[in-house]
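Some structures to go through are shown next.
Below, chain A partners chain B and then partners chain C, in two separate complexes.
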Partner chain A sequence: MNRRMIVASFSTEEDILGVTQAAHADGLKVVDVYTPYAVHGLDTAMGMKRSRLAWVCFAAGMVGAILKLWFEFWTAGVDWPVNVGGKPWNSLPAYVPVTFEVMVLSAGLVTVFVFLVISKLKPGKSPVLLAEGITNDTFVLAIEEEDATFDPVRVRKLFERFNVRSISERYGEEVS
Partner chain B sequence: MKAETIPFSPSARVLRRFQGLALAGLLALGAGFYFAPQRAWLDFLMASYALVCLGLAGLFFVALHYATGAGWSVAIRRVPEAMTAALPVGAAGVLAVFLVRPGIYSWYGEHFSTAEGYMGFKQTWLSHPFFVGRAVFYIALWMIFRAVLLRTSRGQDSTGAFAATQKNTAVGTAFLVVFGLSFWLASYDWVMSLEPHWYSTIFGVYNFAGLFESGLAVMALLVVWLRRDALRETVSREHLQDLSTLLFAFATFWMYIWFSQYMLIWYANLPEETLYFIKRTEGPWLVLFAMTALLNWIIPFFLLLPRGNKRNSRVVAWAAVIVLTGRALDLYMMFLPPVMGANPEFHLWEAGAFLGLIGVFGLTVIRGLRQAPLVPVGDPYLPESLHYHA
Partner chain C sequence: MADSTVVLRPPLIDGNKTFAQVTSDVCSGMEGKPTPLWWASFLTAFSFLLLGGSAIGYLVATGIGTWGANRTIGWAFDITNFVFWIGIGHAGTLISAVLYLLRQRWRTSVNRAAEAMTLFAVMCAGLFPVIHLGRPWMAYWIFPYPNTRGPLWVNFRSPLVWDAFAISTYFTISLVFWYVGLIPDLATVRDRAKEGLRKKLSGIFSLGWNGSTRTWSRYEVVYLLLAGLATPLVLSVHTIVSWDFATSVIPGWHTTIFPPYFVAGAIFSGLAMVLTLMLVARKTMRLEQYITIRHVEVMCKLIIATSGMVGLAYATEFVTALYSGNPYEQFAFLNRAFGPWGWSYGIMVSCNVIIPQLLWSKRIRTNIAIVFVISIFVNIGMWFERFVIIVTSLHRDYLPSSWADYRPTPIEIAILAGTFGLFFSCFLLFCRFLPVIAMAEVKGVLNEGREPAHGHGHAEAAGKRAGLPERVSAMEGVRG
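Right, the complex of A and B next:
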């Protein structure tokens, strides 16, 4: 998808928080915000929804645990019953440690993999720097110019209220 | 900041309730001392031990957060500090049992050693003077650390000196080591030796897990309570979320250790070890046995799993109450099965022990809260804690 974006740079944490909040409240579409370090409260300022990754993690853990429990029961109790110290073939306590480990393993691996997929991270992906200095001392806000009603002058005014350092326009699909 | 420096004063109604509970509990136990002394003294030991554990949980929390240099917890630190007030009261109860009624331990007295023959190291270890001496030693150690940590923390309120934080970091770190060894031995001495033939090497860790899980539950309840009024401005949802996350984690830790103890004994199937669990899983006991896992882990785990619930005072309070009910049941299952038959019993004396425990703990913790400003106003990490985002 080709997009037109306005990219604005700011100098301080307070400015980027304020401008993001104002832009979001103004109904502008915030594409992303880039900061040199983690800024507390930015996720709420951007109006981001809660990540659903936690549910992926929960589901993967549950599926892993249930499959492993069934597999242990089937191998040790049904397909090839094993007598361990005279205990019943389907002895639940003996299955718990492995079930636990497989639950953790599947939850962890699936979550990381899903995270990489939805973040479009892959080996060899070339990083895009929206503006110089975002790994150093610059805070950058990217806003999409959505439709005909987009008013560049008003947006520029809004940026200026928060001591904008520079504004540029970008096209293309290099930024997700 | 001004509101928090005013001394804390709970409503008279709350105080009266705790006084009523304490009085009712002590009366019931007093009747028990007369009608069923062996059982009632055991109940009294259980309640006193629970008090010691709550006090130690507060002390451990404070020491741990100094040792790790945690900033977020500074705003709520006065709560665990106040909880340590339970330590001397519980310790007095425990020592009273050892001195007045040591007969609740089956190893006490001549008949044990003559009936069993010489038992080597165990006989020396479980001789009455050595046993009491060790108890006094552990308690003295804990009291000294408590005095130093509290005095330094409260002294900082007026000076604001960073040296106080540094001193408590060193003292707290030392306490973690001392606590790990002394509480492990104390749980062996005071609880495990109720059944002197049984042993479990993980028992100390198991007792620590219960101590800290229930301590965090009490802390969460107190924070929710204080947030309604005195700490409304200071303690945010962010603090609540971190506290509930710790509760969530240690509920899981408790389950992990509980299951480890059970599974190793179940697997090895040695007669002298399995005896303990056979007693606790036969007949109606099995229901209670399963309930401990349900109340201490399964329910709080799913209740506190979503982020929104960890930030919701009401849900956190319910989770804490469930955990504390589970703790009471866990203590019951640790102390009382040896003196009961095929069926679990719950008499006036047990009810008295638990009600009295709530009452006495409530009164001591309120006294502790009133001894210092509700927020450590001199702590250099306080601003960090006030602006904390989980």
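Right, the complex of A and C next:
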């Protein structure tokens, strides 16, 4: 995809929060914001929706638990029933601990796996860093220059209100 | 909106650090050459590891008869060590998951090291049930897999099977939690490193992290979910360990108090171990400004709280036994406290209940040397707690004709020493090659980033610099 972006660097959390909110309110298209740590409130300032990963986690946990419970019934009561101290084949309370552990295991592993896939993170991927020091102390805002109505001067003014450190332009880069 | 009457909270991190300073403070320890102190500690730990490794080799080659365990006392040193190490691991999860859910932001300086400690402790713990099998090469039989023996499945009604699932799940989830927490910091290491092995490895394991808010936002959700999963998990693990005992009919084991008693004891012992390691790490790695005296104090308070819980459990089980009217139960407890192993009961009570009471005094809590000594005492006391539970309950059972005594052999002691070697070797390697402090989390709690750049007045800006509560200042930043 070929797109033009304005990339601005800031030094503090307040500035990046303020400028992102202002840019979003101004109707500018915020491509992404890059920060050295999780800045709270930045996702809502960017207009992002709530992540649905919690549902993935819930579903994975449920599937894991149900499969494991079925497996315990099947092994202990159907495939090779073994009489252990005269206990019934369907000793449900005794199946709870392992079912719980497998629920936690599948919920955790699936959630992390889905997170890595949707965030396009994978081993050995070379990172696209829009500025130096993003993983150290720099907060970066990337705005797409959408159409002819885009006014670079006004955008620069906006950045300057929030103590911008440097501004650069990028072409045709894939950011993710 | 500036409220100048707000009581100022001291900053979590001392020394008015900038973001870049945090990065270089944490990373420089990994980038230089290891200090002589590091080499000395590592070689000591590693030689203990070798000692334990050879003892295990001898054990496997010869058989369980090299241990002092006998038919009456079938579980002794090995299972004591197993429960001890698993317990140590629990504080790591408490700090990383439970305190995260409780929004205790001071945890950021210690959580990385505490989680690493969890992993290494669980590794040490897992070793014991496996070598206790006698034929450790058949350990995989505990997992239900299609086999040529029927297939014969495992008995899912057995606590020992529950235990295998609990420990392996605990290890896996702790590892994933730790690794997810490391990804942003590995990216920092990658971007600092020049060409070479460090650049290559941190590049592979940082997964192409670029600090995108879209990723950060999901990352926070994943972290929260993992914390939410790890919290009941950690409670379940030691609960299940206690069921290994409680589902038997041995007097002193067959009680309903065991799950909460074991969980409280586990967290108590783990906190003591975290404190021991923290005090060593802050001194040797020069992290005094990150792991401040406030952190030490908070940990001490947690130790007082859990020590109280453990003390209450000791008293409750004793009173319940005496009140039960069951002569076997009564005998088991009187024998525990006043029998031939009474001295180990004495060590347990004094190290776990009496000595930690010293921490009520602020003067003692802020004296690093005394706190260090107390944490060592708690470690010893908690090892003895498991020893008391196992050996004193077993050595005099229902039939006086089968009463026996127990003495650990040098092989058993060497294996225990070996697990300490494994634990400290891993921990020292971790300190050397990975960021010991979660940089991305510490940066989030620095006051530095919260100063209003185009402030609403001098008084307020000054207040921020002096360390205004971050929530107030963060809100100002948003609305300002």
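Note that the second predicted complex is superposed on the first by the 173 of 176 C-alpha atoms of A that agree within 3 Å, B and C clash if a C-alpha of one lies under 4 Å from a C-alpha of the other, contacts with A are read in each partner's own complex, and residues count from 1 in each chain.
FYI, a residue touches a chain if its C-beta (ideal position, glycine included) is under 8 Å from a C-beta of that chain, and two chains touch if they have at least 3 such contacts.
Predicted model, so just to flag it, every value in this text is computed and none were measured.
When both complexes are superposed on chain A, chain B and chain C clash.
When both complexes are overlaid on chain A, the residue A:135 reaches chain C alone and has no touch with chain B.
Which of chain B and chain C touches more residues of chain A is settled by the count: it is C.
Of the two partner chains, neither chain B nor chain C is touched by A:168. When both complexes are overlaid on chain A, the residue A:119 reaches chain C alone and has no touch with chain B.
By the touch criterion defined above, A:40 lies against chain B and chain C together after alignment on the C-alpha atoms of chain A. The interface of chain A with chain B overlaps its interface with chain C at residues 40-41, 54, 87, 94, 97.
Chain A meets chain C in the complex at residues 12-15, 17-18, 21, 32-43, 45-46, 48, 51, 53-54, 57, 61, 71-72, 75-76, 79-80, 82, 84, 87, 91, 94-95, 97-98, 100-102, 104-105, 107-109, 111-112, 115-116, 118-130, 132-137, 140, 161-163, 175-176. Those residues of chain C whose C-beta lies close enough to touch chain A in the complex are 18-20, 23, 144, 150-159, 161-162, 165-166, 169, 172-173, 176-177, 180, 183-184, 187-188, 190-192, 203-222, 225-226, 229-230, 232-233, 236, 240, 243, 439-441, 443-444, 449-454, 474, 477-478, 480. Chain A makes touch with chain B in their complex at residues 40-41, 50, 54, 58, 85, 87, 93-94, 96-97.
Only residues 259, 262-263, 266-267, 269, 305, 307, 387, 389 of chain B touch chain A when the two sit together in their complex.
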